[in-house]
Amino acid sequence: MDMALEIAVAAIKIFIVVNVVQLVVAYTIYVERKVIAHAQMRLGPMRVGWHGLLQPIADGLKLFLKEDIIPDKSDRIVFVLAPVMVLVPALVVYAVLPFSATFYITQINIGLFFILAISSLGVFGIVMAGWASNSKYSLLGALRSAAQMLSYEIFLGFSVIGPLMLAGSMNLQEIVHAQSDVWFVFYQPIAFIVFFIAAMAETNRAPFDLPEAETELVAGFHTEYSGMKFAFFFLAEYANMFVVSTVGIVLFFGGWDGPDFIPLPGFVWYVLKLSVFMFVFIWLRATLPRYRYDQLMRVGWKFMFPLVMINIFLTGFLKYLFL
Amino acid sequence: MELYFFYMFAGGMILTSLLMITRANVIHAALLLVLTFFFLAGVFVLAGAEFLAAVQILLYAGGIMVLYLFSIMLMNVEVAVRMRQWHRQGAVVLVAAVLLGLEIWAVLGDVEFAKPKQWEWSLGATPGNVEALGAVLYTKFLFPFEVASILLLAAMIGAIVLAKRRIER
Amino acid sequence: MVGVANVSRIEQQSTVHGTEELVINMGPQHPSTHGVLRVILKLDGETVNDLDCDIGYLHRGTEKIGENITYTMFIPYTDRLDYIAAPSNNLAWVTAVEKFFDWEIPMRAQYIRSMVGELSRIASHLLWLATHALDIGAMTVFLWCFREREMVLDLFETAFGGRLTVNAFRLGGLHEDVPDKFLQLTQEFADLFPSRIDDYETLLTNNRIWLQRTRDVGIISAEDAMDLGLTGPIIRGSGVRWDLRRAKPYAAYPYLDFVVPVGENGDIYDRYLVRIEELRQSTRIIQQCLEQLPGGPVTCKTPRTIKPPEGEIYHSIENPKGEFGFYIVSDGTTTPYRVRIRPPSFINLGGLKKLCVGQLVADVVAIIGSIDIVLGECDR
Amino acid sequence: MSDEAVENSEQTDGAPESEESAEEVKTPPGEDLKEVVESAFPGAVLEQSAYQDDEDEATFVVGFDAIVAVATHLRDHGDSHFELLTDLTATHYPEAENPFEVLYHLYSIEHNRRLRLKVRIKDGQSMPTVSGIWSSADWMEREVYDLFGIEFEDHPDLRRILLPDNWGSHPMRKDYPLEGRGERIYTKPTRKEIGD
């Protein structure tokens, strides 16, 4: 009986998280459109509901009802599986994210590593989508994406090692507890910079949105997708943004923990920090042009990689000296 | 419960690896290999080696297989599908398989499968098996570990040299 | 792109060694070919080995039309050539036809022509900056530029009634005088615009990503540019200080003070700087036109039917895109015997291959943007 | 961009110089250029004219076998130095003995002057290409071939440029009908022609 209860509770939690995530993602798109619109001196969505508040729902409905086109010469099975392969890892990762001190689906000892491992699978969906579409633009987009995500995964992985060494645990809750005095961003500024850049590249956000650079590759790997399948890619991108933002908050900004003198619940702190992160993402998209492929690789391997290695050695050395 | 999961994972592994070697389409084969890795990771989790499971997914599925796919995608798969799929070397394979079977039996023949061998460190006592793994790697297996890393370094340098020569030519 | 180029060198089949060229068809429906241009790219990895432009999707036989209608009737047709800068085309045509005659065009008309011509240059350069920046991924610049372009189009509407295809000028001057409101609004625009240029520059000029994408990309030397017949901001970006407004002045340009900006390296970034500076200079010219604008009539006495004497003339002006000229053969009747349009976009696009070979796919997009073409005028 | 750009803002005063000088000297326009050409190729300029004696409209008629040599000489000679081939086009005079006039509009940035070269050829006669002298001639000769049907020998890539590859006729000829199907024969392209 205990086990059944446990499973039921877990299922309810998963249900809540997944649905809330979908809804929040939809509204993040709305917020993004609004923020960018105001950066560009226009209004953004205004027609559906008050100030366009119902726009995401209308968009979702539209995508549901759209004709689903599968190209004739595509590899049908892979083509259909690809969007699923993108979205599922993005959602699975939510299993270990700490939303507050008490609200999380599960805690595992290798939480951080779990996130890295599962989110590294997202690239499969993209590669599959690009290949199965049987279109040159899609293929080029997928190739770019595979190379980009593989490379930046390495920097992402190395950049989290610094905070990890300070916390001494891969359990996300314990990392949060380790920062109750000082946020790790003050100990690990280099790691944070590398983490943030790599996170942008991992989520294919501007200025690293080459895989879907619409002006060169039409829409990159999802050129041939339409309807709900396209929506899956879209949802996955934003779901991934949430994941990397949350990981960033947990590793560098004390997670759901806030300063003691402002008595706010942990979840509120989390949402506040998340909003700041998301705003920065959107802000950068409104401001920056796009990198070129070889420049992206050069930035990664010649600048970020040495930086993050130095950071690891430095952290180890200082930790040995002072702690 | 655990046994049930074990059979699920093990069966999945056998099924996907069989499917993998019989596919004509290389991309399908590669994707099935990824699935195999998944099931393998599941077996690792059951054995209590969560860290190893994560490494399995992160490195093999998320890293190496993507590189495989990357290079496969640049090939003309349609042409490859039409090419001959069998090497007609059944006899050699049979001999090799028998030899391998004998070898496995010789090495593992006396291990009792029903009772998994107890590990030297106890599971659950440490907050994770990362520390345990690290301790073992850097003490007992330090030499093989360093040899492996030097081997990898050599391979990396070799790859760079080869690729560079290609570009210059 | 080193990565893919390497991997693509993997042998394709066990028997065939070597790589296959990837042929990519860019356009005619592609977001960054700026119209119905089709570019067939042959790639090695992501490096361009060869390219071929397929144009003519917008060919409407404008030259043939010109041979069969009167000189006045052709003015609206010129609007449809470079539709981004329609008044400039009108100006080229009316000044070309006026070259047959010795009419005294009133100074007020000349100043208004120069002013409207510069406004159209601003509109054209703004559209160029907008789309060029969007091609490289800077989305905000796109919408900021459109905001100001909208103001210019509003000005056209105030003066001539039309926004895009304005049919602004007539042979011998203007159709009628511009309203005072136009002058007032133009003054407001000219006062406001320099600060807006600063805004665009804040986002781009010193942006590291922008610099990396545009510097040392698509370089063309002054000699090559002349050899390819490139005109306008492209040749100035390569360091040739040549502007037809200065070299062969027309309209009110002899009386106006402006700088012809030039670049040094002839890369995309220099062309960008040249055009940005031209935006500033155009604003300066508009300010001067407004200050010096004389009163009086806006049209001279012209005969009821325009019948140029027999002969042939070539006249060109500095369009936003480059040298835009008309070669007209008159046989003494009311319709021209031959109308040839010298299209800057067509000839500048001819240099695309030279600019692109050896660059990356992503650069092709940037280079097409930096050439600034309009297919309406390219295909005629 | 260099600082020079700002310093070099010369004040233009009054009308352009070329008009004044044209009135003072009573020689026909382009006389000095004729000397440049004649010094190397005596008798190459068959006719010389200019609309209303406008210096910018100086026109030489050149024999079709001399055009490449004359054009090369005009581009390279220091006194002419026509670096830019502004325009290359043709005109059709169906009644004339040589119905096609191929026109070269040259421009010298250094001397700020224009020159028009004309070559008159018969229908069906092919022209030598000048794309070896100015690369810009490449596309313009293709266009003349496309619209007038004049072929250019040794052109690197003589294909139709504005019209579809299988268009049956040359619309800028004066005998091309303005209405009806006329001679516009469109044959459905084969897969090979599309290059598929």
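As written, the chains take the letters A, B, C and D, and residue 1 is the first residue of each chain.
Criterion: a residue touches a chain if its C-beta (ideal position, glycine included) is under 8 Å from a C-beta of that chain, and two chains touch if they have at least 3 such contacts.
Please read these numbers as outputs of a predicted model, since none were measured by experiment.
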item: Chain separated most widely from chain D, comparing mean CA positions; value: B
item: Two chains sharing the most contacts, counting C-beta pairs only; value: C-D
item: Distance from chain D to chain C - Cα centre to Cα centre, in angstrom; value: 22
item: Intercentroid distance (Cα basis), chain C paired with chain A, Å; value: 42
item: Whole-Å separation of chain centres (CA-atom averages), chain B against chain C; value: 60
item: Rounded Å distance, chain A centre to chain B centre (Cα mean); value: 28
item: Two or more partner chains touched - positions in chain D; value: none
item: Per-residue overlap in chain A, given as positions that touch at least 2 other chains; value: 143, 147
item: Two or more partner chains touched - positions in chain B; value: 70, 74
item: Touch list for chain C against partner chain D, complex; value: 55-56, 59, 61, 63-64, 68, 99-100, 226-231, 240-242, 246-249, 253-264, 270, 273-274, 277, 311-314, 316, 323, 325, 327, 329, 337-338, 340, 342, 346-347, 349-351, 354, 379-380
item: Contacting residues of chain A [partner chain C, same complex]; value: 36, 39-42, 136-137, 140, 143-144, 147, 206-207, 209-210, 213-216, 218, 285-295, 297
item: Chain A to chain B touching residues, read off their complex; value: 3, 75, 78, 108-110, 113-114, 116-118, 120-121, 123-124, 127-128, 130-131, 139, 142-143, 146-147, 149-150, 153, 157, 169-171, 174
item: Complex contacts: residues of chain B adjacent to chain A; value: 1, 25, 27-28, 31, 34, 50-51, 54-55, 57-58, 61-63, 65-67, 69-70, 73-74, 127-130
item: Contact set on chain D toward chain C in their complex; value: 1-2, 4-6, 8-9, 11-16, 51-52, 54, 56-57, 59, 83-87, 89, 91-92, 103, 105, 109, 112, 114, 116, 134-136, 138-140, 143, 147, 160-164, 171-172, 176, 178
